[in-house]
Every structure is written in C-alpha cells, then in structure tokens.
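Naming follows writing order (A, B and C), and every chain is counted from residue 1.
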Amino acid sequence: MEETDSLFDAPPMGDQERMVEAILFAMADPVTLAELTARLPHGSDPAEALVHLARRYEGRGVNLVKVGDAYVMRTAADLGHLMRRETVETRKLSRAAIETLAIVAYHQPVTRAEIEEIRGVAVSRGTVDQLLELDWIRLGRRRMTPGRPVTFVVTEAFLDHFGLESARDLPGLKELRAAGLLDNRPAPGLAVPDDDEALTGQSELFED
Amino acid sequence: MEETDSLFDAPPMGDQERMVEAILFAMADPVTLAELTARLPHGSDPAEALVHLARRYEGRGVNLVKVGDAYVMRTAADLGHLMRRETVETRKLSRAAIETLAIVAYHQPVTRAEIEEIRGVAVSRGTVDQLLELDWIRLGRRRMTPGRPVTFVVTEAFLDHFGLESARDLPGLKELRAAGLLDNRPAPGLAVPDDDEALTGQSELFED
Amino acid sequence: MADDPGWDQPERVPTEDRLAAEALIVDVVGFEGPLDLLLMLSRTQKVDLRRISVLHLAEQYLVFVEQAQSLRIELAADYLVMAAWLAFLKSRLLLPPEPGEAGPSAEDLAAHLAFQLERLAAMRDAAARLMARDQLGRDFFARGLPEDVTHQRVVHYTATLLDLMRAYAMIRTKDEFRPFVLDREHVYTMEQALDRMRGLIGYAGDWATLTSFLPEGWNETPMARRSALAAHFAAVLELAKRGQVTLRQGETFAPIELRRRGE
C-alpha cells in the first residue's frame, strides 16, 4: 500500500488483481476496462490484472468471462445444475392467509369456525390449503365437541421461518401495543364500512 | 467417513470445492452447512471443502466469511473504497437505536425492561420496530419470570452486517463481562428473582 | 439541609459552575433522561467512573435542577424524581445511619448508581465500537450479481414476523373497536316501530303527522331520525295493509298523516 502513496507508483500487480477481483464480485453488472481503470489507483493496469485473474479462476467453480467489452464473474457452466433450486420467486402472503396464520399461531389449536369468528369473515379453502402446503400449519387433534371438528396448529417449519423458539414467544396484545403495532387504527373505510354502508343504503331508500 | 464417501461415489474433493465455490458465489446471503450438504452430491463433505476454499481465498480481494452457522463470500474490508459508489445509503440510526442494538447484542437475551433499566429511559416504540425491520434483532425465548416478558436477541443478519462470526466475537465482550458490566445487578433493596434466569440465558449464548 | 450551600443557596455557586450549568440547561432537550445527564455531569469529575464521588455528583445534579427551576425551565417529571432521590441519598450519605434503620445502606445505593453510570458508559462505548466496525454495504460487499441460472420458477411465499404481528394486531384492533361502532344505537327496527305503533294508534283518533309519532330522543341526530322515520313509515304501511290505520299525503313530499280506522 505504501507504493500507492507515492505520486506515480501504481500498487503491485498482486494488489491490483485483488482490487479487480473485489470490484467484479461486488458489481451488479459486467464492468468495462474503462470503468476498472477509473476505479483503480492511478497508474494501474487493469488489463494485465484481468489476465492474472482469468488464469487464477481457470477451472474453478466461478470463471472470469468477457461479455462484449465488459468483464463479469460467472458460475462455471458445468455447475449450473447446483443453482437450479435457487430460482424462486418470492411472493408476499395474501392478507387473508397472513391473518389466518396469525390466528392459528395465537390461538392454536383452533378450528376453522373459530378462525372465521375471530376474523369476522369466512376462511376460504384455498387459504387453509396454502398454509398447509407451505407446511406452516398442520392438523392438530380433533376438538371433543359436537361434530368433532379438526383443529389447526403451527408447525416447526413455521417457528423456523419466523425465527421463534416456540409459539409462546409471540408477543401478547400488551406487548404489541407497547411496540406500537396496536395503535394503527384501522384506516377509515376499514372497520367503519358496515356502518357507513348501512346508513348510505338507508338514506338512498328513504330520504329522496 | 471416507468409506461412506467411496460407497456413494462422492466427487473428488477438488470438485466439491468448486461446487461449494459456485454456490457461495451465486448466493448473496449466507448459506448453512446443511444447505450445502443438500445441494452437493450425496456423500460429499462440504465442511472439508470449506476449509480448502477458505485457505484459497485467504488474502484475496474476496474472502470466505463465517456468519453464525453459515458461510458467505464478501469483499475484503480494505477494498471498500473501490466500491464507494455502490455504497447503499442506509437510514441513519438514531442514538437510541444504536444503543438499544448494542445492549441487545451484549446483554442478550434481554427484555425491554432491562434495556430501559440500562439506558435509564423508556425505549420508544419506533426504536425496537426499526431494529426488527432491519432484521438485526428478533424475539428470543420468553423469560421464565412473572409476566413472562419477551426477550430480544440479535440475528444472523446483524452478525453478517457487522462482519461477526458469532455474538461471542463482539468487540470488548470479555472485558465487559470481566468488569461485571454485563451483570444484571439488581438495585439494592429490590428482591430480584429473575437474576438466575438472566444469567442462564446469557451463558447459553456466550459461555459454551 | 440548611447547612448545605450547594443546595439551598445556589447564588453562592462559583460563576464558572453556574455558567456550565446554564449551558447544560440550554441543552436539556439533548439529554435522554436523568441518567444521561448524570453521566455527562460525572465526566466533569475527570476520574474513573469506579472512583466517582456520588455525593459530589448528587450535588451537581441538584444544582442543575435548581438552576433550571430558577430559569423557569420545565423539567420532565423523571428529572424531578431523580432530584428527590438524590437529595435523599445525599442526606443519607452525609448523616450517620440511624441505629436499627432498615433497608439498603447509603453506600450500597451510591455504589449502584455508580454501577449504572459505568454500565451505561460501557454500553455507549460498545455501541460506538460496533458502529465503527466494517459494515456490509459500506466497507465490504455482497455478491453484486447473485445468479439465477435457470428459468424454473418456484413460487416461494414469504412473510415476516412483523407482518404476522401486524395482521394479528389489526384483527384484534378491529375487535376492540367493535363496541364503539354506533350503528346499533341509531338503528330503529321496523319490528320495534310496529310494536310501538300498535300501542299508539289508539290515540290517533284524528289526523296526525307521522313524525309526531317518533319516539323521544330519535329526532336529535339526522342519523337517528332517518332510521326511526323509516322504521315507523314501514310500520304504518304494515298497519294500513292490515286495515288498522288510514294514511294520507297532501302532495309529493308533503308530511304523511295517519288516523286510526275502524269507527
């Protein structure tokens, strides 16, 4: 590094190679020679560094590849199969699903009827199926009440995903409130709509 | 182990190393040994491959880093200036958030009341929320004391962000513990039944 | 207490101390509570926090609070609580313990305060050291181009604990607000109106407007009035159908009038 400090001396080639390596690793796009020159200390020779780097990665799991006039690190072609499982598309759970999941987590073991009572809306078959398929909920013991309804409980995979040691570690209402999660009042038009609608309906019928 | 390996015809160690290299290069987030094992051909020994790989990248522009139980490739810290333009502008954390984070890291698992006791002020809702959202802290096990308060611990993302292999590597941890500054020392005249549990909790994380 | 100049006679405080205290007060919003302020004051003693004089610190704090009050600066309650406690601690430290006195000794209390200050200072220091570390995305970097080699798509659903907690909080908040929904109070059902009108038509020997039959208290808000009017209107229609009342209306939108039938 001392050499960099002096006016014209570029860092030793070994250091230049490290620098090019780090830049190619961190960049989201292929990097041109001009860009490398701009990033490296004055007097560096990225073209030569690239030659060394290409040789170093020859036959490795990752190779230095030239794309047009830019350079990029790519997985070796023969190892692509290792990554196949990685191309996953991440989607947020629907509101119905997350609410249902929350209710199962907080009230388990809980029956479908109980979930519907707490949510105030019917729980679609698809929602429950999705959570079962994600392996976040599973069937618990049947409730010993008329009809012997099945109950739902959360799974190990659920705890794992949400970084919980046990469902008991979920914060309670008081703690949710303390964390500020309980005082976001339902947006206008969310909890009130039944009310509003009833009135609108009536006035339409009777006031004109 | 070797005998089992030959039974299943695991690839030679050189190939296993290439595979681990390719996988780690492809992933931006730390990969656990279990994930590596699952991806590699049956009978492979990713742990050994990692040893070779770590040696290969020693002193390079990119290094193999251990984060908790997982492994990831990161650029060498002394080359950060080359990527300055890529720096992600992170939200400035408030002093309260930084202190709260440090207290969680050094005292984990720690309850909100304990954080407040140490800081001498109430912890605002937003502070904990922000740290949760950054995925730097998460909920730990509940404390087995009256009220069963939730505790907070730091996450793997926290370790990754600050380049720590484990919470044991926090700067100055040993000295602080030796000085008794991580003790949960009750105010004189207060009966504190949760002292034992607090210590047990800590020893689980730090002492082994 | 009268023999203590630092507390009872702030005007005798040396000028520079006084100026320092005023500078502190100006900045009082910058402190995060009494412990923060105490830690700051303790730094002026220029000794190891383990060897700090809690007595001196208590005096400094009390001077600060006194100054703030003389400058009519409103201090938050916790500053005043701390002041009261420190005044108590100070008197305990100065006076010999009374024989048979219960509770922790003044020395223990002082030692604990010193411990709290040292611990807070240590955590601040630790926080600073933590933030001074090389950080991901600032000093070292992740792979900029994580590869997706195949076009095989697996949909992976995700949700965070925060999402879960928010969803639950939302459901529970909805529940909590249910009792506040006022719709029940403003809805007068037709059944209610019918019951009421059955009892009232006996008095409707002569033409009377429908609105005069509205129950008390249902004429005050438009919401209640609309509901009650609608219910009663439906009820009298029902009564007319049964032949119990006669209805009439002078013209469109004119008041509806009704009269008992069957004479």
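Heads up, the rule we're going with is that a residue touches a chain if its C-beta (ideal position, glycine included) is under 8 Å from a C-beta of that chain, and two chains touch if they have at least 3 such contacts.
Remember, it's a predicted structure, so these values are computed and weren't measured experimentally.
Think of each touching pair as a link: the shortest run of links from chain A to chain B has 1 of them. Greatest centre-to-centre distance from chain B is found for C, with centres as Cα means.
A separation of 18 Å divides the Cα centre of chain A from that of chain B. If each chain is reduced to the centroid of its CA atoms, chain B and chain C end up 34 Å from each other. A separation of 33 Å divides the Cα centre of chain A from that of chain C. The multi-chain contact residues of chain B, meaning those touching 2 or more other chains, are 25-27, 73, 75-76, 79, 83, 86, 129, 138-139.
In chain C, the residues touching two or more other chains are 141-144, 147, 149, 160-161.
Residues of chain B that touch chain A in their complex: 17-23, 25-27, 39-40, 59-62, 73, 75-76, 79, 82-83, 86, 112, 125-126, 128-129, 138-142, 148-150, 155.
Of all residues in chain C, only 141-145, 147-161, 163-175, 177-178, 181-183, 186-187, 223, 226-227, 229-230, 233 touch chain A in the complex they form. Interface of chain C with chain B (complex): residues 32-36, 78, 103-105, 108-109, 111-112, 115-116, 118-120, 122-127, 129-131, 133-144, 146-147, 149, 160-162.
Chain A makes touch with chain C in their complex at residues 22, 25-29, 72-75, 80, 83-93, 95, 97-99, 101-103, 105-106, 118-120, 130, 134, 162-164, 170-171, 173, 176, 179, 181-186, 190-192, 194-195, 198-199, 202-203, 205-207.
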